[in-house]
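Each in structure tokens, the structures are laid out below.
Consider the two complexes below, in which chain A is the common component and chain B and chain C are the respective partners.
After this line comes the complex of A and B, so read on.
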């Protein structure tokens, strides 16, 4: 039997908490495991008519705990473990619900862990069958099984050797590592984690390709979406926002004539762009509007960067509280996020929440019939 | 026999049919090449990152925070940078931290590795070592996120009972015996619950944690939906993606002069710039090509 981690102060021994590493604990674990498997087997062989009330009853009781925990008032200002007594039956029930949480949580954690085991058993069954019968793509099954077994062996080997007194030293420094630690590190950090990161990064390529091919202004709605998306994306570019801030700062210190030219240039660029997109295949119009945009852009740059402005600071800041702040790209993007994006997402989330509530009720009351034959 | 001529492709057609491999190659170069250059990019931290940072800086040495490290290396591009910046601030401010995971069984090991790396870096720069078990403890993995989170809010000592850590030079000990948990009776004894996540555990925490203020560190994709909870005041600060990490590093450079504040945010922000610029350019290119071809449809 491998060493179990030592607790400096022993836990209070109850039926639910035997001494760590004791023979009684291991016997209870073995009996519980055997009983659990027996129960699952009994459920599997029982007729559907007998299964249904058992599963429905357990599901209802399990769900009832959470419903009560959520809806029943919590004891006010109660701190765990201080021996405080309830004042009446209503508060006593509230105490009981709170105390039960510490039992329910490990039970549910064990059930979830068991489900992971069930998933593993399923995987083994499917891929061993495919491998042994040499079915189509049996090679992939072989790779999966070899990887699974290798990870389990080295993972546990590493874990067991870390349970002894040398565990802390291994955690602090690699110098005390042995073969299982290096092997596990190679598999875990060297292979698995990098493959996961690589898989995730592939998304960037799909996003780029999809943006190029599908993100088109085919309708008014799509055009609005496109423009807002571009504004938000541009606002994330620090260089662009800096230039934008400087430009607005400079605009405020320009003379009226230069300001008028700048405004005309901006309107020219906007109008030219609109005309370009409305040219609908008319090449002459498209070319003329393109040239117009370019001329306006050059005029704009000349006013802000080309015109000598003696005595001006190189980067005049936009005064705080100035109306001109509303034209900063970061402000526009923040307004879009706060007033358009967030409420829209909140609405979607609300709809999803209502749907989840309905689905949760159906599951709790066993009205949902899909996904099994119980 | 009559010759068959292929129709001549115009500019619009060519612009609309850039092959995927070309786009992929450009993206690879645009994101990889900037990694070799240390170019400071101008930055204006967003308010949600500023709030996150200010709240951390307002903590006193010896205060405690609870950290849900719910990420693995699949989102390390963003999450590890967030984790590193957070740990740097906590170490330098002398704040104790208890780390747990409810998202993925790999989480605790990933967090341990990252902590060890950051501590090594601090020690190399001559600052005191942040000690395992004394200053921080790793509680491990809890498979049922919903129940565990609910239990943390109800009775934190019961939720973490039996979990063990490895104090140096000693056999594994109960995490609850760590100085991090000294005097802790409720989750309210922690100053903040910080969830550093690449999954839905942020929502699970929002639904179940009532007794302690929370702050979130999420991936860029998750940031818009998580911003809901920031704008409603349910969380006190938010760090979203590489931009959020760069915000933290920018803010740290003012309060921790002469120390290494640059991390993955500074390293990746230039790449993010080029990737976003490329994305904007291809969207514009695709649309210009569509209008040139006169194929606008409603």
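After this line comes the complex of A and C, so read on.
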């Protein structure tokens, strides 16, 4: 489909693509390691004033790679590793960028891997000190250290025994499992994951308590939040959807008497709910408002379910194309989500995107003094 | 470059470069001594109040720079804000605690906070254990940090950065002991939880405006004004998009449904009936519209294919 030069045998297309185990690859690894250590040593011995240009330069080069990767045109349908050669210098640079990504990206992983040791050292220092000096809450530190050591031992024991062909058999069947596998399984899948799941499930209770505080009608904004949240939440209830789909759109086609009862019922429910939340420990008021809400709810359901009340005509069915269908609670909730929620989130997203871009730019060009002076 | 290169359209790159230009121009303006205005941000004014309250109560100030997998722009921004918080705390000799989810964040946070204490001439007040690594497992981190907040009875808690499902665990724990909380999550799904549970919340780009607002460094202030220019540009584009879509004749959703990637190699002739703005935003639209119309005609008229071949 695309005119490209094809070589007879697979050839290394760029600097980064050397054969596994080849002498050239080992030499490149050795040179990179030596350069890495030299850089670290240079940073250690350099005066503080000289460190900044080194760090700035490295940051700029690292950022420049990704900027180029994003801006420079990328070849489509290029098959890597099949000896496909670039047609010209511009395409060659594009190939180089593409190949280098798999080498450049893990650099940050290597640095992060080195830093894990730092995190471990920090944990050990804090908790060993607390344990040895029998400081406050030293028991927690003991539990943490014992767990840490146990998990490391069984994690590695399991990993080592899984190396080689035995690992594949263990993957396929539990019958070949030994003590380290069962112990590891108990620790990670039996304990850790379940404890994490338990911690996650706590969120449900926190949502309830946070929602209770957020939905108190303390101000105009909080009241708007309360109403919109109630509409959206109620629209998700199965029972409401069932009732709603059959009857709520009927309001506009109800008789005037039934409409009046429906409006009174809605006002009664809203007023009763507000009174209930504002009863502030007054049990009589709370009970009265609760009963009021219940009565209003029953009246509402009776009217909207089309129960023929004495002296009132029963409501006719809503035609499928009727304007009244727009007043279904599911329709209102969908409108809120589509026309209010989504644009608001988009607006915030734009701001976050621009902010992140500016922050990234300042870091890339080392314009920012971390910590800042006041 | 030829057909084999994926043309992702130039409008996105042009807007990005324009925003970058705005930022750099305003940084230059601010460095040149130009006074630039920043509006008041309530959540950031509350930082001094929160630290002051912690000092009055003699309790520590807790800071969590989010749960980023490694050090990135978001965690750096959080650390920048924490540098300011630590500076205020060091002036009042108030204890602080920074809980890190990631070892790379720990390394940077330790360095920055120590520098802050050094700049304030209070190195002896800096406790190296006050910046600590907790865990890089999400809920282990949540459990441990919540425990620390409870045991140490934090008076002020700052939750700034990337937060996910643990946001509410941390915020509600701090709320339960009456700590004053300033929070911001770069994850929009978590922002409502913070709004429900915390005293002050930085929403969206307010988080990125914080360091400029607090330190008034010319580079940061200029960058912030540049961001505002960028947002004005985006607002203009949104308004133009609304207009373009309002007068557009072909329903966009139907056109998108006929989008085929293999068609991208072909030439894209301009169609006169298409609006200029629509063409800018969707460079492939013309070809797609043409295909779409053909498909519609073919579907409606079974003899259309025969007519085409004739």
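By definition in this document, the second predicted complex is superposed on the first by the 235 of 374 C-alpha atoms of A that agree within 3 Å, B and C clash if a C-alpha of one lies under 4 Å from a C-alpha of the other, contacts with A are read in each partner's own complex, and residues count from 1 in each chain.
Just so it is clear, contacts are C-beta pairs under 8 Å (C-beta built on N, C-alpha and C of every residue); 3 or more make two chains touch, one makes a residue touch a chain.
Treat the numbers as computed from the prediction; the structure is a model and nothing was measured.
Using the contact criterion defined above for the overlaid structures, shared-chain residue A:276 touches chain B, although it does not reach chain C. By the touch criterion stated above, A:213 is placed in contact with chain B and with chain C alike.
Of the two partner chains, chain C is the only one touched by A:123; chain B is not.
Ranking chain B and chain C by residues of chain A touched puts B first. In the superposition on chain A, A:345 makes contact with both chain B and chain C.
By the touch criterion defined above, A:237 reaches chain B but does not reach chain C.
Of the two partner chains placed by the overlay, only chain B lies in contact with A:162; chain C stays clear of it. Of the two partner chains placed by superposition, chain B and chain C are both touched by A:200. Looking at the shared chain after the overlay, A:108 reaches both chain B and chain C. In the superposition on chain A, A:359 makes contact with chain C only, not with chain B.
Across the superposed pair, chain B and chain C both touch chain A at residues 108, 111-112, 116, 192, 196, 199-200, 207, 209, 211, 213, 345, 349. Within the complex formed with chain C, the chain A residues making contact are 2, 71, 73-78, 90-91, 108, 111-112, 115-120, 122-123, 125-126, 129, 137, 140, 192, 195-196, 199-200, 202-203, 206-207, 209-211, 213-214, 345, 347-352, 354-363, 367-374.
The residues of chain C lying in touch with chain A in their complex are 1, 3-7, 13, 16, 19-20, 23-24, 27, 70, 73-74, 76-77, 79-80, 83-84, 87, 100, 102-104, 106-108, 112, 115-116, 119, 129, 132-133, 136-140, 142-143, 147, 151, 165-166, 168-169, 171-172, 175, 186, 188, 191, 193, 195-197, 203-205, 207-209, 211, 214-215, 217, 219-220, 223-224, 226-227, 230-231, 234.
Remark: chain A residues 5-9, 11, 69, 79-82, 98-99, 101-102, 104-105, 108-109, 111-113, 116, 162-165, 167-169, 171-172, 188-189, 192-194, 196-197, 199-201, 204-205, 207-209, 211-213, 215-219, 226, 229-230, 233-234, 236-239, 241-242, 245, 276-277, 279-283, 286, 330, 334, 337-338, 341-342, 345-346, 349 touch chain B in the complex. Those residues of chain B that touch chain A in the shared complex are 18, 20, 23-24, 27, 31, 41-44, 46, 72-77, 106, 109-110, 112-113, 116, 132, 142-144, 147-148, 150-151, 154-159, 161-162, 164, 166-174, 177, 185-186, 224-225, 227-228, 231, 243, 269, 272-273, 275-280, 282-288, 290-298.
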